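Quick heads-up: structures coming right below.
One chain, chain A, appears in both complexes that follow, with chain B as partner in the first and chain C in the second.
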Partner chain A sequence: MHDTVIAPGGADLDVDVRNLTRVEGEGSLHLRVSDGAVESAHLEIFEAPRYFERLVVGRSMDEVIDIVARICGICPVAYQMTAVHAAEAAFGVTVDPATVALRRLLYCGEWIESHALHIYLLHLPDLLGYPSAIDLAQHARATVEGGLRLKRAGNAIVARIGGRAIHPVSVRVGGFSRVIRRDEIASLRADLAEALDLVEATIELVASLQPPVFRREARLVALRAPDEYPMNHGRIVSNDGLDIAAVDWESMFEERQVPWSNALQAFGRDGRPYLLGPSSRVTLDADLLHPRAAAALVRHDLADRIANEPNWSIAARAIELVHAVAEAIDIVEGYEPPTVGGVPWTPREGIASWATEAPRGLLFQRFGLDADGRVVDARIVPPTSQNQAAIEADLALFAPTVLDRPHAEITHLLEQLIRSYDPCISCATHFLDLQVEETS
Partner chain B sequence: MLPVPPPAPADRQAVRHRPRIGVVKFASCDGCQLTLLDLEDDLLAIADRVDIVEFAEATSRRSSGPFDILFVEGSISTPEQVEEILRLRAVTTTLVTIGACATAGGIQALRNWADHDAVRSLVYPHPEYVESLATATPVADHVAVDAELRGCPISPDQLREFVTAVLAGRRANLPDEAVCAECKRRGIVCVAVTGGVTCLGPVTRSGCGALCPAFGRGCYGCFGPRESANGPGLATWLERDRTPTDVARAFALFDAWSPPFRRVIDAAGGPPGPIDGSTAKEPPDA
Partner chain C sequence: MTAVLDVPPVVRRPEVPDTLEVIPSVPTTLVEMLACGAPDRGDDGAGVIAVGRLADAFPDDVRTRIVGQLDIDDLLSVPAGAGAVVVDTVVGVDPGWIVEIPFSGLAGRDAGIRPRSSHALSIPETVAVASIIRGRPLPGIVVAIGGVDFGLGEALSWPVAAGMDAFALAIADAVRRVRRLVQDAARRD
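Up next is the complex of A and B:
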């Protein structure tokens, strides 16, 4: 099933890694080398399409919140947060400050759960040479158990606010489906206190790693808010001077369909790929990190490696873990419940559009709405479909530096590089835009 | 080293050695297999007692079988998936479907009401690049299924109970009762009767702990119909102060393709959204 086909033919080389493992969803890598030069590096996504943009047509935005969560079992909160903010912006709804804080706490929970999953169950075992976290646990059980407890702390936040860790139920246009009580939030304290120790230990562990060296300059894109590390709102900025409103995503970026992928690929309108996610955020929003996370970034001198070395993305995730846990504790300590769960609202015709920072990067959604507030058309652009082109560009740069190695090692290094972007293929596949046009 | 398996008991499929476990997915969000990793405290303890030989999301070790127990996530929605589930069934002793996609088709089964060619050419500039079936269907439509765990996503408690039961060689305790029963046990005031909220609790199988009513919402049926659920009966009651279309939209979610829910949706002429796949926008030029 996991057949790796490497067929050298003179100076030609075909590397074909079918069924990438330890990524979320189904994909393959196909690399073609001719005369020692990389001819093509394709991340092939064959995950079955589910047509979400079609499934939400005719639905209210509250229904959309429940439906788009199912795009991804790892980051359902990201889809819900983007949709709920899009709806409230379109309907002119202003929510209670306690609701704003709770939504940020909910997002912290998802970042913690998702980053802990990737670091401890997917990436760390890989960088240490184990085929899985279960194998790693046979040699370093306490480490894996610590990672699982950290993940549990993130899940506990989502479950306390949303009822369950996956596909939470309480997020509604206008607020939450009921008041989230002070005692419910306070009950998170013990887990988060332990989590704070665990994230500090995670930073020490991650900083001691020696991932394969691969430096390159990338175009990094993330949200940036004036007052906080970006989660639920912000402008879209880049390390080469881009600065636009989030709702203007479509003016600067576009999606294309390629024959080897069931996910559309996004590019800047100038044709250049760009990279989203923890490394981009830590680089572009470093000054907004929680003091604990900012201190860890400086203490281990990680900023340069995070910005320029994709294999160091694990450090960006670790920095964001510190941030998310520290901020979650602050929110829990200061939580004053609102008097009502949600504020009333009335639908109206228009465009509901927004972007938030999913664990894997910027997630953009736009819904055209009729006078009853029902969806007429939709566009959903998840981070992994935007990162595909950047991943392929990096693979094409990296591959020539390792082509002299044994074949098994080449494939392992390439697969490891792909894993470092934490691609969520289940997310990426389901977005098929109504307007995209590929002229060939 | 694997221990030498003792002789098999003659009369049941109780697990008699370190069972070979596989986890595979078809069209789905990965949330149900993630629930296995979400067992957190118990995950390593379970891994001590079984061999997880196939679980692409978690391990780079791969196996194409045989499997003592195979957890299957996702619905069958491409020609390759039809072939793959047949192959997997042939090398599996106990095949367990996990979640609404595998047991009922999932949210993507809403396309079963639509004109697939129209949908596909509408959403893809190059529909010829994409192979997918007109339908997204439950695993049981294709092969025999030995056990199922319901939910969107599945309940970690039910998963833990199932794995424990398998390891102990006993039958898993997965009650088939309405969400209403759990709701009453938790002492939650009925959101349908007192709040006038649309709630599918009476026809939906328990397992979530009456989650939505506990959060002030009506149940949206994500564990699918309980046995002998009377979907049209509940629909008739709901239609006293709602249109059939609005009642149908409540059923047209994650278990829409399950027969008791499907009957309600069919009676209303299909789920929300145009069934020919058309929208206000023109399809893109290919």
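Up next is the complex of A and C:
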């Protein structure tokens, strides 16, 4: 069989299609070097803005929950969880404890799915020295199969609770669209039991890696809850003493338009970049990890590397995989279904705002609501837009250490560093072209 | 002459036994048509729309699945002995133009690439990894149309809308070719 291109009129031509990829995100890195020093490192995001903040205007919060899920195919639960908690806080809704547990289980599913994908198929080839996931699969097929089984376990949780694995549909203000039975949740046990073995093996594998050494001090920001590892609620804290309510995000952080990117970048109001995500969470919330995950963190002495070396973010994801699987098992074992799917609620005028921890970090949303509870204005700040400035800062620090190497190797090392943050432009960088501009 | 059974008759209650003997059968699916994209995102939904137009065009051994974003598991679940046709919208060809690439031609095209997506793997990588895990190459064709507008709530761009008939015909032709390939392979085996 041969490649064929068919013009609308029917004429046949041979062409070389180089960019046969999903089309949800495009980005590039522009590095400006002068006299051997990095002048600027710009992560250029040229995908068109998606205008979700405008699309939700005039909608009820139940509609908003389904609309914001469409922002991302990997982390729809994060968008839904943030919106539903924002609405319930604004409307004074207290949900059943079983609903609280189910939502946490749903989030565990998304973390498992997202982290397994990134560790095994996106990041691990870099760190094991394979040029692609194809080469990794050829040489370590069992490893990749294990990663896929882990990802499947996460998908199964999201599909069972959310109705489908991508863009789930069951989350509603006040609870869920239906009562989720005990036997439905219990059916997840076998997959999760296998997943627990797989995540323990993942930790052993990841701890044995030797990623490129690149240490730097970063401002780390994450949610922190008094009683649990942060997912659905908490205060915003940092490793330099910040401690504010999540709804006060705008008082300490701001978004800016930069000329080289269609995505807004977020900074602290003092102008400093900051880093969200697994490394920040593991660093700031280590004492709240599930005992299994906490033990792995100590056993492999990973805490310092996770806090200070971006290339060790894979270890933070592995620790969180242990946490998410172990906690999912606990929730499944203790699940008692609510008597009704959701509790009644009455919309009212006000501000609905909240933050939760998406796989890639803190996701903030704020909705102004009219008397009917319909959105009059909205702000959605995904973690990747908050991480962009920190990524650029790290690239500017890292690049000088590799500029003496061949162009292809520089590209690979910089791409590898970018991948370590698991960026999601819209959410994702789909392909990255390196341009190095030397001015003298 | 009358045969005599030398075993006593057995009387059973009319219950379904716990396990039923599974009688091996030939695969009932010869081709899986995997439609990628989101129909509410402009040109991204062209594949789903085109496949919908072909709903009644194939025999029962051609199965259609809407997969959104192609995942390795989507290809791993294609039955052994069957083939696949991946239908999608792509960038890299002019809007409205249609490209067909056999799975066997994908790997070389992306040789040496690193994982370039933080969302998911590219189609070439997805197909290649799935084939490695399946243990043998999966017969199939990617049929894609070049897109230009992918915003939520947008309609198909005019070049893509104008190319939809040709797109549907190309998909139908690809399904027919993969089906014939699979049938020929089954006869050889």
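Rule of thumb we're sticking to: the second predicted complex is superposed on the first by the 402 of 440 C-alpha atoms of A that agree within 3 Å, B and C clash if a C-alpha of one lies under 4 Å from a C-alpha of the other, contacts with A are read in each partner's own complex, and residues count from 1 in each chain.
Methods note: a contact is a pair of C-beta atoms (placed from the backbone, for glycine too) under 8 Å apart; a residue touches a chain by one contact, two chains touch by 3 or more.
Note that the structure is predicted; figures quoted are calculated from it, not measured.
By the document's definition of touching, both partners, chain B and chain C, reach A:I74. Look at A:P382: by the touch rule set out above, it reaches neither chain B nor chain C. When the two complexes are overlaid on their common chain A, residue A:G109 makes contact with neither chain B nor chain C.
Once the two complexes are overlaid on the shared chain, A:R152 sits against chain B and chain C alike. Looking at the shared chain after the overlay, A:H118 reaches chain C, while chain B stays out of its contact range. When the shared chain is aligned, no partner comes close enough to touch A:P347: not chain B, not chain C. In the superposed model, A:A137 lies in contact with both chain B and chain C. Contacts of A:I166 after superposition: both chain B and chain C are touched. In the superposition on chain A, contact of A:P259 is made with chain B only, not with chain C.
Comparing which residues of chain A touch chain B with which touch chain C, the overlap comprises 1-2, 19-26, 48, 50-51, 55, 70, 73-74, 117, 121-122, 126, 131-134, 137, 141, 144-145, 148, 151-152, 155, 166-167, 432.
Those residues of chain A that touch chain B in the complex are listed here as 1-2, 19-26, 47-51, 53-55, 57-59, 63, 66-67, 70-74, 76, 117, 121-122, 126, 131-135, 137, 141, 144-145, 148-149, 151-152, 155, 163-167, 169-170, 176-178, 257-259, 262, 341, 368, 374, 376-377, 426, 432-438. Touching chain A in their complex are the following residues of chain B: 25-35, 37-38, 40-41, 43-44, 47, 52, 54-64, 74, 77-78, 81, 106-108, 110-111, 114, 119-120, 122-126, 129-130, 132, 136, 152-153, 156, 208, 211-212, 214-217, 220, 222, 249, 253-254, 271-274, 277, 279-281, 283-285.
Contacts from chain A toward chain C in the complex involve residues 1-8, 10, 15-26, 48, 50-52, 55, 70, 73-74, 117-118, 121-123, 125-126, 131-134, 137-138, 141, 144-145, 148, 151-152, 155, 166-167, 412, 415-416, 419, 422-425, 427-432. On chain C, the positions that touch chain A within their shared complex are 36, 38, 40, 44, 68-70, 72-73, 76, 89-93, 96-102, 104-107, 109-110, 112-125, 128-129, 132-133, 141-142, 144, 147, 150-153, 159, 162-163, 166, 170, 177.
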